[in-house]
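One chain, subunit A, links the two complexes that follow: it is found with subunit B in the first and with subunit C in the second.
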Partner chain A sequence: MSLSLGPRRLTVESRQVPSRLVRFLAPTFSVALAFVIGALILLATGQDPVLAYTEMIRKGFVGRLAITGTLIIATPLIFTGLAAVVSFRMKVWNIGAEGQFILGAVASSGVGLWVGDQVGGPAGIVLMLVAGALAGALFAALAALPRAYLNTDEVISTLMLNFVALGIMNYLIFSSFSFWRDPGRATFPVGKFVEDVLFLPRMVGRLHVGLIIALAFTVIIWWALRYTKWGFEVMVTGDSPRAALYSGMRVDRKILSVLMVSGALAGLGGGIEVGGVLHNLDPRALSLGVGFTGIVVAALARLSPFGVIPVAILVASFSNAAPGLQVLGIPSEIVILLEGILFLCIVAGEWFLRNSIRVERTAGPAGAEAPVS
Partner chain B sequence: MAESVPEVPSGEAARLTGITKHFFGVAANEDVDFDLRWGEIHALLGENGAGKSTLCSVLAGLYHPDSGEIHLDGEPVDLGSPHQALDHGVGMVYQHFRLVDRFTVAENLTLGHPETGFFTSRRSLERQVGELGRRYGLEVSPQAAVWQLSVGEQQRVEILKLLYRGVRILILDEPTAVLTPQESHNLFGTLRALADDGQAIIFVTHKLDEVMAVADRVTVLRDGRKVGGMPTSEADPATLARMMVGRDLSVPERPRTAPGEPVLSIKGVTAEGDRGLEAIRDVEIEVRASQIVGVAGVAGNGQRELAEVVTGLRRPKRGQIIMGGVDITRSSTLERIKLGLGFVPEDRMRTGMAGGLPLAANLALKAYRQPPLSRGPVLSKQAVEDRARTLEKQFDIRGVRGALPTSLLSGGNIQRAILARELSARPRVLVAAAPTRGLDVAAIQAIRQLLIEEAEAGTAILMISEDLEEILDLSDEVIVLYEGQVMGRLPRDRADPDLLGMLMAGRKVDAA
Partner chain C sequence: MRKFRAVTFAFLALALVAGACGGDEAEETTTTAAPATTAAPATTAAPEEPLRVAFIYDGEIDDGGWNEAHENGRQYLIANMDGVETTYVENVSPGSEFQAAFEDFGSQGYDLVICTTWCQDDVLTVAPNYPDTVYLSWGGYETAPNVGHYDGATEDGRYLDGLVAGSQPGVEFIGYVGGFAIEEVVRGVNAFMIGAREMNPNIEIQVVWVNSWYDPPAEQQAAQALVDAGADLLAAEVNAPAVASVAEAAGIPYIHYGIDGSGIAPNSWLSGFTFDWGPYYLSQAQALANGTWEPALTYGGLRDDMIGMAPFGSAVTDETIALVEQRRQEIVDGTLDYFAGPITDNQGNVVIPEGGTIPWEERTLCCQWLIEGVIGEIPAG
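And now, the complex of A and B:
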């Protein structure tokens, strides 16, 4: 492919293996470009980009309150980000983290309400979290079983199941007098709160130990993908399902296990959100798109488990800063916009990892060329 | 297209001087000179990885050389893209065809053609295609959709496409690799007719007999450098082979060890193909220890399905498969592997290897389940790497660069790696499908040697091959498959090419 521009010509060559420098430069450049485009949009709408960006950094990172707030928002994103990483690594597309997260919250709040203060704090919390993970895994299995044995399209099924989960949660609180709903509040329906002993312990301010659990699972997932037979099979199946079958691997079981692990991570995230932040089943707080944002986080992290952490924190800082921007008259939607632009720029940046561009003079002799990027 | 060439031009069609092209610091071409005259067929001979395809890609505008010059018809040119090369009358038929399957032949010809307007005259196009086809033996129906055509016919469409674009310098990259002997013969006729009309043709191959049969001149490449060139009339196969490989070649000798116990029995097996039709029917084959049973046949007569049924990738409808006394008809692939079944699949890049992964991972594909590569659920990266280094050395696998994808290796090295993996598991039965297809002379020799040694060591080998020479050189017994059925079975000393050829074409022969 080439493009002529006057006396110069741009030629595109595909590169099979990007160099270290390019692998560092492409995403860095992409992020920078996203902020430049964001600034242009702010300028075009009559806002001051410098003010907006400094406010975003200030409200996202400066001061204890800002940092803990960002980390609290980042915690569930790390879980849904990991959920996407695990499944996307095998080229199985779990788009259902949103629903699995919601059902994880439903299950853990249900278990929390059920055990009350009967088993004590630690045991109760563990039960809640296990229930969340289990619910996420089982909900993912609804899509995983037909995918593994009937080869249905998991993108469609996991996506659709999100709406099922949302419907279940809304029914439990808004449309019925269920076990989850607080009967004392007749005016506006709310979820019943679990006992105080079932609150996740806090570390600094409102920041709860969910973050530590998230970091621990990041390490576990990294290790499992890299240093276990299971991880090896996931890698081979992701690259070539035929080669996996040929070498005696059970591809159906791999699909099932990967989707269920992915669902369990998202469900655990939901459980931790209930145990650490909400303490009840709160449909409005649980349907902010944490599962979908997790997909963006995983993509920006280039499917690296450790990459998920900084990306989740960055994205969380945007959300954390949004209300503060509103106060200054900057529409808070700018952070959603920025998230989208960031995503597009990174995806476009991927192209530079796979192709190189040469600028050369059409008239000059061969060899008068300057490789760029 | 070029209006029919009025007179046969003479002189130089193309000259490449000092072409150098590096990939990741490895020289694919190093200071290569090459010249091409109008009206000649010029063979470019070399092993896989010798730099033939790179040199052609430079001339076809696909790669830009790091240094060196290209002259076309005496004029210096700078070819920035295949498009520009086409404008200069240079076109290449790639090994993997670049046709749109759903389009008709005529549509494929007009696709991307500079004179294609919004409306085109179908009739004049079809007339031209018919004319070109008759003149050069490239008959193919312009209305046929490409997916309906045989591989040989698709290749004709590729050539027609270039002629229709007005190409006068035609490059064919290993065109016979996908053809039957008969189709190759026809192709040679076409190339000769084109050359007689003044076109210049570069014919890339690693097969010596093809060079001798069709080329006027030959240039030999080795390790990216030109090692020699001469008119074919002055060349002989032995000299060319030595130039190509860099040393003398000896034909592997198959010693005759008495076969042992039957190890693999395929009893009355019937299985369906991908489209639900019976692909093999009532197949009976027995392979004994230390025996190589060759399965011959024209491609698509049930060979692939046979291999898949034996290795567990396909379920048979009827029949029984016994391995070492155990009925494995319903066993999983993994159980068969554990019983000692090795498999060299026909499709190396997608089935035999996970092409995107590093070689070390691919060499561990089966051994990763046991110590020392893993203990319990934990995999030892170090043991995987160590084992890969050992196998690379033992089986002479070259070109491995750390974590780069396996698919970047040459075909010969990939096949060596597959054999390294399968043979290191010490199999009792080895199924080898098309073990040397598409490989260069040295690799073919090495692979065959490995198979022979493996048989000598007691392994029962079921070898499926479309290469008759290979079947005859290696097999103790030859089975001919035709339309999924065993057409004949011959002991090695009674098998000869003529007899096998008749059986492969579906004719009953009494002697069989």
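And now, the complex of A and C:
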């Protein structure tokens, strides 16, 4: 690819595999650059960037309330981030984590309400979470089966199924008197609450054990991708479906299993949000775009399962810090802005990591200048 | 808004990942967290202990609807009380973000935290840990020693809106765009119809639910569908100004919801009731300052100055304005009960018999039926 600009020509060349040091430095530099650009924008709008960043860190990370608040918001993002990692690793694009998360919440709250306090806490919680994961997996299968066997476009189908899930959840609470809806609460329609024994145990303050489950699944996914036959086949299929096919792998089954595992992770995230935070089916708190943010988290983590954790925590800290920033008179938009700039910088950093630009003079003395990157 | 951002970013992310083919991915690389900056404690000493009040909004304060009405209430509080220091946070989401914000203000020792949307359960999760902070939530009903709730009687305003709509010459088919078919909204539609039919017994109302709390494109489509179906007046119970724009473009009159929006549809504008939260916020803050605050459920209507009327448009005659004022006064005096039976629903069942009514204290439980003359469906109770 090249672009002529007067006497010069810009040529884009892909780099060799970058060194480990460069791969570490590039995102670090990108993040730093994002904060510098953010600071310039803050200055230009008459805000104090030092104050803003100090407050962001303070409200996001300093003190028990800040840390637990951030980690609680990060927990569902870890699940939807992992869901994206698993499917994107195979270059199968599950855009449906949002819907799988929602249906996971629907199923686990349904099972929670159904078992009541009949089976006791631990068993009931396990049932709820299994139901959430199962619902997410089955909902993903709706897109996975046609993708695997009819080669339909999973981007479209998983994306559209998000709206189906949202419609189902809204219907169950706002537009019907379903099993999920509390008939006694007429001021505003809300879901029935599950029994107290089905609340996920809390560790510190409001911080529930969902975080531990999220960390455990991060390890499991990392291990599965790296050390199992399944993971190996996922990676090979991702790199070259044709090679996978020629080597005798059942690519159709792999697609099915990867999408269902991805859906199960998102659904489990929904179940954990119900069990740990909401304790009922609350459509407003479950339709905040957690599934979509998970895609961003996965991309910023460069599809590394362990990368998902710090990225999810960083993004969650932004959300957690936003109210505190506003109290200081810093508009909430700065958080949106920073997220966007951060994202663009990482995208750009990623691009420069893979490509270099060579500036050549097309007129005048021959000889290329040093590549700019 | 938030969701739109999440979706946009998600697709950018997808482009990034999808575009990054051919790279040799390795496990070890992870992005690192924010640059290290020393966190300075930012405690500010307050002069002579003002009453500190925090408002929490789930949308933007200039949304031209729900949140702006509450923000007007905050401004009213600032203007009418000495020794009060307020702050607000907008775009906070229900669930863990609400809870984190309630905790944050509680731990900072705020005297009063007001959540202006449905958040009772998030409040009740946090409030017991901060007994010195009073929490108020919109629409809740389960009080605690430091938790009270409030709600405005939409139906009072909608009845007056119905009078204004029904008084318009030639209006017989009203298009009504609602969010979800929940009790409060249905109660408002029914009261609107009672007012409209008082002026013109031939009026019919077609209700369309957009099944969202905030979805301008859906609201716009719903409004346009109603205009195409022959609506000669539009009314909204949604927050975005989309319905107003459709009415303005179609050249038909328009009734707004919850706030003075006369600027958004200058030609179509008739009126619309307003939520006047200010006096309530003031009374709660003063009670706290005086040490007389008690947890309570407040359901306020015209009588309590929690419901008012926006300015009238030029198409509303003085005669109608006088009638609306008269009816308002009768409601305030308690001499008029617009929910007095008999009332029949749109299935032909008598839902309120002769001599019956919907008592004030049972208002929020109503309605799971649409009144006679309303075309539309709601979930079966």
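In the analysis below, the second predicted complex is superposed on the first by the 342 of 373 C-alpha atoms of A that agree within 3 Å, B and C clash if a C-alpha of one lies under 4 Å from a C-alpha of the other, contacts with A are read in each partner's own complex, and residues count from 1 in each chain.
By definition in this document, a contact is a pair of C-beta atoms (placed from the backbone, for glycine too) under 8 Å apart; a residue touches a chain by one contact, two chains touch by 3 or more.
A quick note: this is a predicted structure, and the numbers were derived from the prediction, not measured.
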Contacts of A:Tyr227 with subunit B and subunit C, given as first, second, both or neither: first
Partner chain in contact with A:Ser240 - subunit B first, subunit C second, else both or neither: first
Of subunit C and subunit B, partner touching more subunit A residues: C
Set of subunit A residues, in rising order, touched by both subunit B and subunit C: 17, 226
Interface residues, subunit A side, partner subunit C - complex: 14, 17, 20, 23-24, 27-28, 30-32, 35, 50, 53-60, 62, 65, 69, 72-73, 88-89, 91, 93, 95, 155, 167, 170, 174-177, 185-190, 193, 205-206, 222, 226, 273, 277-280, 282, 284-290, 292-293, 295-296, 298-307, 310-311, 313-314, 317, 319-320, 322-324, 326-328, 332, 336, 339-340, 343-344, 346-347, 350, 354
Residues of subunit B that touch subunit A when the two form their complex: 23-24, 63-70, 76, 78, 80-81, 83-84, 311, 313, 332-334, 336-337, 343, 345, 347, 350-357, 361-362, 364-366, 368-369, 374, 377-379, 381, 404-405, 408
Parts of subunit C lying in touch with subunit A, wherever the complex brings them together: 2-3, 5-7, 9-10, 12-14, 16-18, 20-35, 37-40, 42, 54, 56, 58, 87-101, 103-104, 107, 118, 121, 125-126, 139-141, 151, 180-184, 209, 211-213, 364-365, 379-381
Partner subunit B, residues of subunit A touching it in the complex: 1-2, 9, 11, 13, 16-17, 226-232, 235-236, 239-240, 242-250, 358, 360, 362, 365-367, 369
